[in-house]
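We call the chains A, B, C, D, E, F, G and H, going by the order they appear; numbering starts again at 1 in every chain.
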Amino acid sequence: MTGATAVSGLLAAEVPYWASSIIKLGVVALVVPTAALILGYVFLMKMMSFMQSRLGPMEAGPYGTLQLLADGLKFLQKEDIFPDKADRTVFALAPLVVLISTFLIYVVIPAGPDAVVAQLDVGVFYALAVSSLSVVGILMAGWASANKYALMGGLRAAGQLIAYELPLVLAVMGVVIQAGTLDLQKIVSAQATGEIFGWGGIGNPFILTQFAGFFIFLVAVQAELTQPPFDMPVAESEIVGGYQVEYTGFRFLFFFMGEFGTAFAFGALASVLFLGGWALPWGDLGHWGFNIAGPVIMLVKVLAVSALIFWFRFTYPRLREDQLQRLAWKFLIPLSLVNIVVTGVFKVVL
Amino acid sequence: MGLVASGKAPKPLTKLLNLSRKYSIWMYQWGLACCAIEMGAVIGSPRYDVMRLGVIPFPASPRQADLVVISGTVTDKMVPSILRLYEQMPDPKYVISMGSCANCGGPYWDSYSVTKGIDQIIPVDVYVPGCPPRPEALLEGIVLLQERIGNEDPAVRWKGGPIVVD
Amino acid sequence: MTASGTDQRQQLAYVAAQAADARLNVEIETEGMTLNIGPQHPATHGTLRLVARLDGEQVVEAEPIMGYMHRGYEKLAEVRTYPQITTLINRIDWLGSFANEVPFILAAEKLMEVEAPPRAQWIRTALFELSRIANITLFLGDMAVQLGAVTPVFMAFRDREFVLNQIEAATGGRFHPNFDRIGGLKDDLPRGWIEDTKQAMEKMRNFCDEFEELVLGNEIFQARCRGIGIVPPEVGLAYGLSGANVRASGVDWDLRRDGQEALAYDQIDWRVWTHPDGDSFARYWVRLQETREATHMVDQLLDGLPPGPIMAKVPRIIKVPGGEAYAATENPLGEMGYYIVSKGDLVPFRVKIRSASFSNMSITPWLLKGVYVPDIITILASLYFILGDIDR
Amino acid sequence: MIAEHVAFGIIAAVMVASALRVVTTRDIVHAALYLVIVLAGVAALFLLVGAEFTGITQVLIYIGAVIVLFLFGIMLTRSDFDQDAETDHKRKFPAVLTALLLLAVMIGALVDRFEDIELDPTPQTTAQVSDELFSQYIVPFEAVSVLLLAALIGAIVIARREEGG
Amino acid sequence: MSSTETGADAEAGAQPDRRREDWADKMADALGEGCLEHHIIPGSDLWVRVTRDSWTGAATAARDRLGCAFFDWLSAIDWLPSPYGRDMDAQEDNPEPRAAGATEQGYAGGETRFQMVMRLYSVTDHLGITIKADLPDGDLSIDTLIPIFAGANWHEREAWEMFGIRFNGHPDLRNIYLPGEFEGNPLRKDFPLLARRVKPWPGIVDVELFPGEEDS
Amino acid sequence: MSEFLRDYLLVALFLMLAGALVFGMLGLGSLLRPSRPQPQKYITYESGVDPVGLGWSQSNIRYYVFALLFVMFDVEAVFIFPWATRLEAYGTFGLVEMAIFIFILALGLVYAWRKGVLRWI
Amino acid sequence: MALVPGLIKGLKVTARTMLRTLFGDGPPVLPAPSKHAHTVQYPHVKEIPADRARGVIALHEENCTACMLCARECPDWCIYIEGHKYLAPPRREGGKPRQKNALDRFDIDYSLCMYCGICVEVCPFEALFWSPEYEYSEPRIADLLHDKERLGEWMETVPDFEPYEAGSQQKVLKVPR
Amino acid sequence: MLLNEMLLLGAVLFCIGVYGVLARRNGVLVLMSIELILNAVNINLIAFGAFHDTVVGQIFALFVITVAAAEVGIGLAIVLLLYRNRRSIDLDQVDLMKG
């Protein structure tokens, strides 16, 4: 028990602000690329391969685990090309904006009672706000490349991202109504301690009561990540990668990292909002042990959500631009508005 | 600037860099003729699955590519495009010439519109024989290329030279 | 390695081609946005170039520019002996390799007035259908990947290997069999081949079922294809569309059934699939059905394979008597025919190659007028062309 | 308190510099991107004085939406790659004069009226905002929906006019 | 599936081919003077040669009166005997051009060096017809078929590029395959294949007589 | 410094972290990567031919209309968020208020729908 | 919207494939993708192509008489043969010395070869054979010109001719070793 | 920070916005300058809100943001219309008085 108390003491100890900040910075600086690596390896490389009865990377490291590291190191050695006609500053800054958007989401995602970078009162609102920054980055990339495919891709991407930003925001609203807070930590505890129509056996993971919200959220996330069936903006077979077309080397990899980092972040967001986050309904939420178990629980849930996202990705063809806009405006948004009203009615009536 | 290009990079570092390039070869899908289908089989057929070797066929644009496989007949009309796309790839870049047509003109050696060998236009690192080479033959070419990349001297390559194996 | 005299010509051609490019670019320069798709583009199966003038996302005018794969077959055929041509023309439609040889051999046989023995005809027909399967399988996967689904193409390549294995086991080449001879075949089948092929056919039927679930039944796929690129039958015929492209428009015409060539189609039981819609979905549907039909045909052909020789009496050095003959067969892509003019030499005097894709693609400017950019891909993919078959 | 002052100083300097670039740069896309910096600075200021909800709203609405609208507007109207030729110097001088005059007046008034009052950055929670909004300001709140509806319909009517013409 | 047509044709092999003769009659009927000659190989094919002026008329007649809605292909034949001798058939290494011999035309006759060939097909009757027309040497031009068969567009561009035949009324007579600056018309018989003439033929070596003769 | 501002200082630090990552990696890369200017390397990629015309042109007005719709609904969402957190306290009154609000904006969506603006092309 | 059934069927197909790759057709035990995937892991495991596969041409030098038939019939002109005559000792005691051809050079340029098999077919002396070997890529194009020693080495890899399917009247030939 | 610092910053931004509105001819840029002005107003609102320790400042800032969004929407629509009709968004050229 001494070991455990030591750990709990360590975790409970008042760490000076600067030290904790540095730790948090370090952790997130590791988490984002690692998240991108894990998702890239597990899903993009392995799951996709298995779905196609093949193996995926095998040679770089055992079972190809080092493949993406090799990719990263290789991209470091690639020449950095600015096309003649490109707007150099904007071209160079666009990946940064996308990456900033990704990094900032991680600030509020909790992985344990204390394992969170910053517990903001407006948590989920903040996360949605910063995730919308990437639109600017994508438009910058599309415009600055001075390339037709890039511009078309950028415009399409922006059009799609904003169209699906709304269902994303509105789908969250149901959860917020149920939990009565924007703070992600409180949403987690609301789920762990909640009840479904008076039955509290498993708490109240909002996926059960907010299934429509979860569905809309998932579809919107799929679109926000520009993954099939919503990958028109980066459609290889027509506009050859869209806004990324002129990017080389590490600059391209930043987009890649941004995409997968965001996928991980959205997966985490989905598990916090709908799957109960790091908590289990049977534990004492304040227990220090959750600071260790929480991240593991989160990882499992995130992987589950990502598996779903990537499963869709590898199965479906892409929707045409008009079809996906129609889906957003004529189906998802009205549905989520109805969902808000219905949830509100239930909240007030019950 | 240009630690590697100057040739002053320590040996373990260049070794590591070589390893990374060896196992991460993003391949630009450059389908030209019959060989393109066998190249497609190498990429697309689970039986061959070139991704195992770290050859990733993702990029649709030459800007992100490391390797281009000239697979098939190169016509005089196509030559400018090939040259341009090759030059649009960022260094370091590698070329595999796949099949008789790309090697030497192959069955069309006497045609009025076919270029007799891609090596007249761009430097080639590995020639894969066959008409079309079976997918394993291309795999063998890729393995050969990987071996050579693993042992090459980057300083030469960085200046646009051929693969120099230690 | 090659003669160094060509180097200079090379340079000249290079400069010339660039100048041509530049000129073309000036010609088509207009107010709207001009989008170049190709010559190197994932959507063009190689080296087609499509220049589309856009208004927003709508195509005002689209012009395919080909010739990036023009190898001068008709000229090369004039300097090659008949056996040499047989192996060369494998590479016209590089996916339907064996199917390329058949009409040429049939045309030459017409001129020489020989007919292959029945066993050879049956094996020919079986291999013909095998190459059809190998060919169309790839279309089925490729169209899905053009529409953004990554998995089907891998499955197509996976199951196609079974067919290619059989083709290779019989002919020695996965792609370019060079197996057909004037008067028969190069060799007989190896032992065990029939059994293996039947197993492969079973797998291909499985594959067809899987694709009906994975692709054809997918609502997104249907939404992308239905009503896109409708070809009215009379327009299609006037443009020379053939094969599944017109059958998808409801024209009940199949050279396997209606042609007059010496193949074993009239001795087995099969049906011609048509679809009334004429859109991209119909073309996909018809091809999928034809693939399944072909597996049944192969089974029947192998069951009923007559014993006997595989080669008719033909002189060792082939000189084809003078005359003209045209023979056409229903190739995977459509009607492929060879018009041979002979003057009694070792080499033909003139060979006109009627390749299916050339005519099939000539409808694209008509078809692409007014469509939207994403639909270009659907239409191009559904028309199904092989560059070598267009450019020759 | 020092830290806040330093932060304010940096933010303010960046904002003023960017704002100047917005109105002077020749490339209109650059102007929009400088505007992003100004807006982000405003959001940061809001956070600095504890107006959390509005600060995030600033990011969501302005950077995530209005700027996108601007960028679309720019990309829909720019006819070529060349920089906008703003050769008209004769209007610059009066504009500068007006602006400086205005500034002088305002500075005078502000310095005169407000002394060095330290702002207390007590965070104001979303709940507070909400309570105030849905009690005191319920009528303006409903009016906002009508305003948005009117703007939406108006913009659609304008943008759709002569469609295809 | 057995079709009645195939059966009938197989029988017709020996006898005169009534359906094709009927077609030939119809063509002659429709074109009158314009129809010059026809040739039938029973059970196989039908050739009709028309004058240059009746070229479009023949296409219209075939489409409207014979029901040939399917435009199969269009091309030309250069009847000039190859001036490059036997090196063109890859048996000897002989780069010297030889004097042109007499031209002889194929089925349904012909008078000039260049002859247009077009093939149309009826998808209901399952019969095809090959129509030919002579082009005078001095004036290689003929009317375009685009108004009748839209698919003729590319085929005519190909013929223009390969033979240098001009199509009156064609909207867009440009090279279809070759780069714009390409010189010559490759399918003309007097167009040499350079690579073939530059490379020494590896098939000449004086070693032995034909093997198998040594023991006798 | 208050707890509140500390949290946002962290946000600012993360912003810088992203910047540091980008510039650090690119700086590291500049040590390793080659630089070999070739004449055609800097030409805009366009499937291997000369770029035709200008790099871009007027795009469809639809993009604008959709962006506009988005802005309007985004603003709406901003007002819903505080309401959602406090719905319990407002009860039926708050519900009715928001229902009216949403209804009025939904009218806008319906209007756009009826006008055919939601047809992308 | 009737979006559901087809979409779910598609998901089923991909999931089934993944499970089959992971666990094979049997009950789910330990995942073993490298066993159940269709992949042949090339550099480690090599598939043997069909016996008839046209991989590389092997030369049985003893049988070659430098008759030039193959070089003449080659569509690509990629076979280069040089030879000279010599007098071989008589076959029977007291017979006349026979005139024979010796092979000085027999090169096949595999960078040009189109793998049609015409040379193998026309060879009247059974000197050329197809071998299914395919592993001879080279970094230098000149190395693709195989001389007669290299071609002779391929002879070891030539498989025996297979028997024919029932109903055939072809004779099975033998590979000279 | 001090109240008057905030107010001064608002004043500077306001003036920069005024300069932009007066000096620039590009319609989109004018709209951007108006955004600057509105943001300057918002800064003042928030500053006073903090000064009086009330959330009313925030609420008004929210309303201003809303109005700004509506204004940009309409304004850009008008600019687009101008562009469609005249192929230019130079406000000088579209002086309606001149016809």
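Note that in this section a residue touches a chain if its C-beta (ideal position, glycine included) is under 8 Å from a C-beta of that chain, and two chains touch if they have at least 3 such contacts.
Bear in mind the structure is a predicted one, so any value in this text is a computation, not a measurement.
Of all chains in the assembly, those touching subunit B and also subunit H are F.
The chain pair with the larger count of C-beta pairs in contact, out of A-F and A-C, is A-F. Chain centres here are Cα means. That of subunit E falls 62 Å from that of subunit F.
Taking each chain's centre as the mean of its C-alpha atoms, subunit A lies 36 Å from subunit B.
Subunit E and subunit G have centres, each the mean of its CA atoms, that are 39 Å apart.
Between subunit C and subunit G the centroid-to-centroid distance comes to 26 Å (mean Cα coordinates, whole Å). Listed for subunit E are residues 90-91, 177-179, 182, 186, 191, 193-196, 199, each touching two or more other chains. Shared contact sites, meaning residues of subunit C that touch two or more other chains, fall at 1-3, 6, 13, 16-17, 20-21, 33, 36-37, 39-42, 57, 67, 70, 72, 75-76, 79-81, 84, 87-88, 151, 154-155, 158, 161, 174, 176, 214-215, 218, 220, 372.
Residues of subunit D found to touch two or more other chains are 4, 48, 50, 52-53, 57, 60-61, 64-66, 68-69, 72-73, 75-77, 79, 81, 121, 123, 126, 129, 133, 144, 148, 151-152, 155, 159. Subunit E contributes residues 90-91, 199, 201-205, 207-208, 210-212, 214 to its touches with subunit G in the complex.
On subunit G, the positions that touch subunit E within their shared complex are 65-68, 71-72, 74-75, 77-85, 98-99, 101, 124-125. Chain contact summary for the complex, subunit E toward subunit B: residues 177-179, 182, 184, 186, 191, 193-196, 199. By the touch rule above, subunit C contacts subunit A in their complex via residues 33, 35-37, 41-43, 57, 144-151, 154-155, 158, 214-215, 218, 220-221, 223-224, 372-377.
Residue ranges on subunit F touching subunit H, taken from their complex, read 61, 64, 68, 71-72, 74-75, 78-79.
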